[in-house]
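One structure, as structure tokens, below. Some questions next.
Chains here go by letter, A, B, C and D, matching the order in which they are written, and residues are numbered from 1 within each.
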Amino acid sequence: MDSTIDYSQVILHTDKLTKRFGGLIAVNEVTLNVKRGSITLLIGPNGCGKTTFVNTITGYYKPDGGRVFFDGGDITGLPLNKTYEKGLVRTFQIPFPFLKLSVLENLLVAARNNPGEKFTRHLIKSSWIKVEEQLTEKAFNIMKMLGIEEDWDKEPESLDAGALKLIEIGRALISDAKMIALDEPIAGVNPKLAHNIFSHIVNLRKELDITFLIIEHRLDIALRYVDFVYAMYRGKIISQGTPEEIARDKEVREVYVGGE
Amino acid sequence: MSVWSDIILFTVDLLALFGVYLIINISLNIQRGFAGIPNFGLMFAIAGGAYITGAVATRLALVMLGMHTNLDPIFDNIPVLSKVDPLLQSQSLTSIALMIILLIIGAIFGAILGLIQLGPAIRLREDYLAITLLAFAEMINVIAVAYKPFIGGITGVQVPDVFAWSGEYRFYIATAAILVVAAISYVYAEFLGRSPLGRTMKAIRENEVAAMALGKNLVKYRAIAMVIGSAFCGMAGVLWTLYGDTVTPTYHRFYWTFLPWLMVLLGGLGNNKGALLGTLVFTVLDKLIIYYKHSLAGMLPFDVVWLDQVLLGLITAIILIYRPQGLLEEKPYVPKELEAKLKSIEKK
Amino acid sequence: MFGIGLPTIVGGLTWSALLSLMGIGITLLYRTTKVPNFAHASFVTTGVYASFTLSLLGFHPYWGILAGFILTGLEALLLFYSILEPLRRRKSSVFILMIGTLAFDILFYGILNIYADYLQTVFKASARAVYLAPKDFSIMGIPGIMFMSLGMLVISVLGLYLLLNRTTVGIALKACMENTALAQTIGVNVSLMLMLSWFIAGGIAGISGALLPMYIETSPDIGVLLVAEMFCVSILGGLEQVYGAPLGGFLMGFAEVVLTSWLASEVGPWIISYTPLLPLGAMALTLIFIPKGLATIKIRRREG
Amino acid sequence: MLKVKNLNSGYGKLHVLYDVSLECEKGEIISVIGPNGAGKTTLLNSIFGIANIYSGSITIDGKETTRLPAYVISRMGVAYVLQMLNVFAQLTVEENLRISAAYSKVKDINKATEKIYEIFPILRERKKQLVGTLSGGERQMLAISIGLIRNPKILLLDEPTAGLMPLYVKMIANKIKEIRDMRGISIILVEQNVQKALELANKVYVLVSGQIIFKGSPSELKEKHEIMKLYLGVGE
């Protein structure tokens, strides 16, 4: 561990995290820190291992080497549902809405510790209906914030790609996460909505004290809103710093715009 | 007079079949429609419920009636029953209690069989899973035939007639018992579909990875769906055995797995009303073919019952191609009890 | 060896060859269409009634091999065109395709039963208990069915091998098995290739059905009774390998005939009634414990 | 050569492309660029008859191909190099090339294979090897060769340089130019690598959220700082 870092301020710490697919090393000894309450950005060109990195810290893949620490505990190799329980929630690059559930239900299902989900209690409606009402209110507030409250009773199938992204984010928000990892939240979203999404993220960080790790491709928009940036190329962290530093970094620019 | 009694008999017969299939189809709808588990081994728990009834019903009746005998209730099935049945006939309350206990045993045994099926259900992909569960289900028949002390081998056993007390109304009462359980399973499934538990099952069905990323333990919820569904299937097996007061190890996957699947697909998966409609349409069709069998028999050079299969195959193919969502499509549920809450929020 | 007589070995070989013939088609179809074909049951039964009908008309039942191949091949094409192609065009899931084959099987189960009833009334033949072994020839006391079934197996496997490796059409078929999307980009008419594989798979199932009544008593139910075993053979042999089915067939056939006959003499005849557990158990265990080799990993990986 | 007019397409209910029009002349390289999920691959799929087309038309040499099945379009002289899984891993390099040539109008397959080996000498060395054992760059070259050996009029390339080492990126880019100059075929190139796309193209289309927001020469696009910054993540 690095002695210059105050680990009580760090919510996520990876230590030489490695993930291989056959001969390809998708994530190569990545060591990084995400500060509690920060918005941290992870950038890099297509196929550089960003998504694999998120997949590995959240337990979608099992790492082949290194460790992941989250909120003071070791979460290396825990499956997706366990990392969620620890407070680390992620979204997917391609939205995965539950197609036959309404938008409201999509949010409700993401809530934590719902007593009505328990086999032993689901038959006793009085034991969960209060929680359900509170969650509905919370879900509506989130939907309003994201501007999708009009569509609360619709099936996601009938909505456009942008709205699906927002449902994905809404589900993460209702889950009382300590940290949310967003995988390309604005890919394929028009610039105005993209700025909106980022403004929301900034507000949420302030109001709810959630840490964000954001993977993004579109630096132009993302850089304005974040505190710290890691740049990844071919499985490795090649640079890190504040947005200003990264924008000036020669190596990042070369890699990023597709130089040799 | 005879026309009316014909119609009544037809209806009672139809309702019994309808009720048993409704229980099974609701169970399939919970397993596949809600939780997404393609249980192609429904017969496992159904036959399990039926066979366990054959294995324990007579013994249980002896205990409940306080009778002692040196005869074996399976191998000396008929002599034992000739003593049990007359006594049971005069004791309606004991009969009902016996039925309820058997239902509970059947539900528990069915649930256990469901848990056994869970092994493959968490490991395998849809198509392989279907074949594996099918193979599992076949095994219970092999064992029931080969291991004679279970239900007496291929000839099967008779079970005590728990409806004998109702005399000439026996079949009405038996049918009513089936319909009561069917109604309970339907109401329960409707409730489940609207509870957070049902919602989580549907989420897992829609997308396993996304559900896992939202903290859902797939194995746990699959297990719950399998246990609930298999318990209902077990009860269906018990009821069908008690209705006919006999059981043989000849449960066939065609009647006890494929037909339920086709009925549910016909009605529409994930939707209890669809399961109900599919069951009704199919059982009426089936009974009508059998009912008119004799009047058609002279005209055709073959047994009319085979038309049943031809029609069923055709209808299923047509449904799959032209209306894959079934007659009634699943719709997202809008919670009524939360409506007041929703309105107050919308006003703000 | 273990006190097993020649008839047992002959029986084991015959049964293994017949099972292999049934399994090959299932594997081939799984490789090309990705669908576990439940209609294989009625394919086999169709073969049975092809040779039975010919024998009623005065031909030697072995002519049924040819008739069974063609008839069943056409039946498979009918299934492909009437149900699977429309479903594939709708981008239905593999599971729905599987239900489609089940629907077709039930439909044909009805039709075959009607046909059996018809033969019974018109020809006064025992069409519900078809056993043609008395018409079989024999060489040195060994029934001809052993030579015929082994011969048909060799011809089918060899034919498939030559087709898949020596002809352009075959290589295109192999290309379709590996990657349908890519095969399309190089101008292969995928639906024509699938059609071909259905015809061949159906045809081989028809051959096995045509041979069946020379070995055991059959009825319209025979396919339904054997279908779980057919899957077992195919799965044991490995669904990823077209030539795996004979491996599964011989494993299963010998276990069923030779092993049980040995066990019956050593342990007691009661064990024979448990024989059906063998294929079912073997299949369930294979699928549960070595699904990896069979490419049946549960978790769907969507991204890399 | 190729004309796409007011194309609306997608997959089933998922509408991806909105009123997309595109033109490609003989011997031109057209680059289609845009962010992830903009519909670039869907555009190629629509041209090749794999996606569902709701309205609009596609013509090749004046012949309508809008609703033809993929294999017919392929035999009309369109070769499509998919982004992933674009080689038959279980066949050898030579078998890959031969099977593709066998289903095209190419008469002398040996000569055609020989020509491919001249363009990509490394493939000659690997010709008996199973494709599963090749490196990423070699696979990509083979994938392009599988298209090329068909002697196509139009070559559709879906991100041919994605995930490759810079060495290979450069090499493949050079080969693409070489191919155009040598054969005079039209190439439609879908790229994320903006720099490379601009370097190669005669004409550039920028696709965002299923719509074409820019059409013009590479130098014209470089002037549009707003587009470069907002959608392509390039520039200050």
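Everything that follows uses one rule, which is that a contact is a pair of C-beta atoms (placed from the backbone, for glycine too) under 8 Å apart; a residue touches a chain by one contact, two chains touch by 3 or more.
Computed from a predicted structure; not experimentally measured.
**Student:** In terms of C-beta pairs in contact, which two chains are most connected?
**Tutor:** B-C
**Student:** Which chain has its C-alpha centroid at the greatest distance from the C-alpha centroid of chain C?
**Tutor:** Comparing chain centres, A lies farthest from chain C.
**Student:** From the mean C-alpha coordinate of chain B to that of chain D, what's the distance rounded to whole Å?
**Tutor:** Each chain's C-alpha centroid was found; their separation is 55 Å.
**Student:** Hey, how far is the Cα centre of chain A from the one of chain B, in Å?
**Tutor:** Inter-chain centre distance comes to 44 Å.
**Student:** Quick one: chain A and chain C, Cα centre-to-centre, how many Å?
**Tutor:** Chain centres of chain A and chain C, defined by C-alpha means, are spaced 50 Å apart.
**Student:** Measuring from the mean C-alpha position of chain B to the mean C-alpha position of chain C, what distance in angstrom results?
**Tutor:** Those two chain centres are 32 Å apart.
**Student:** Which residue numbers or ranges of chain C touch two or more of the other chains?
**Tutor:** 302
**Student:** Taking each residue of chain D in turn, which ones touch at least two of the other chains?
**Tutor:** There are none in chain D.
**Student:** So which stretches of chain A touch two or more other chains?
**Tutor:** Each of 93-94 in chain A touches at least two other chains.
**Student:** With touch defined as at the start, can you tell me which chain D residues reach chain A in the complex?
**Tutor:** Contacts found on chain D: 13, 35-38, 136, 159, 162-163, 166, 169-170, 192-196, 208-209, 229-231, 233-236.
**Student:** Could you pull out which chain B residues touch chain C in their complex?
**Tutor:** Touching chain C from chain B are residues 38, 119-120, 122-128, 130-132, 134-136, 138-139, 142-143, 145-146, 208-209, 254, 258, 261-262, 265, 301-303, 306-314, 316-317, 320-321, 324.
**Student:** Can you list the residues on chain D that touch chain C in the complex?
**Tutor:** Where chain D meets chain C, its residues are 12, 48, 50, 69-71, 74-75, 79-82, 85-91, 95, 98-100, 102-104, 146-147, 150.
**Student:** Going by the contact rule set out above, which residues of chain C touch chain D in the complex?
**Tutor:** Touching chain D: residues 91, 168, 171-172, 174-175, 178-179, 181-182, 184-190 of chain C.
**Student:** For chain B, which residues are in contact with chain A within the complex?
**Tutor:** Touch list, chain B to chain A: 191-192, 195-200, 202-203, 206-207, 209-218, 224, 270, 330, 332-335, 337-338, 341-342, 345-346.
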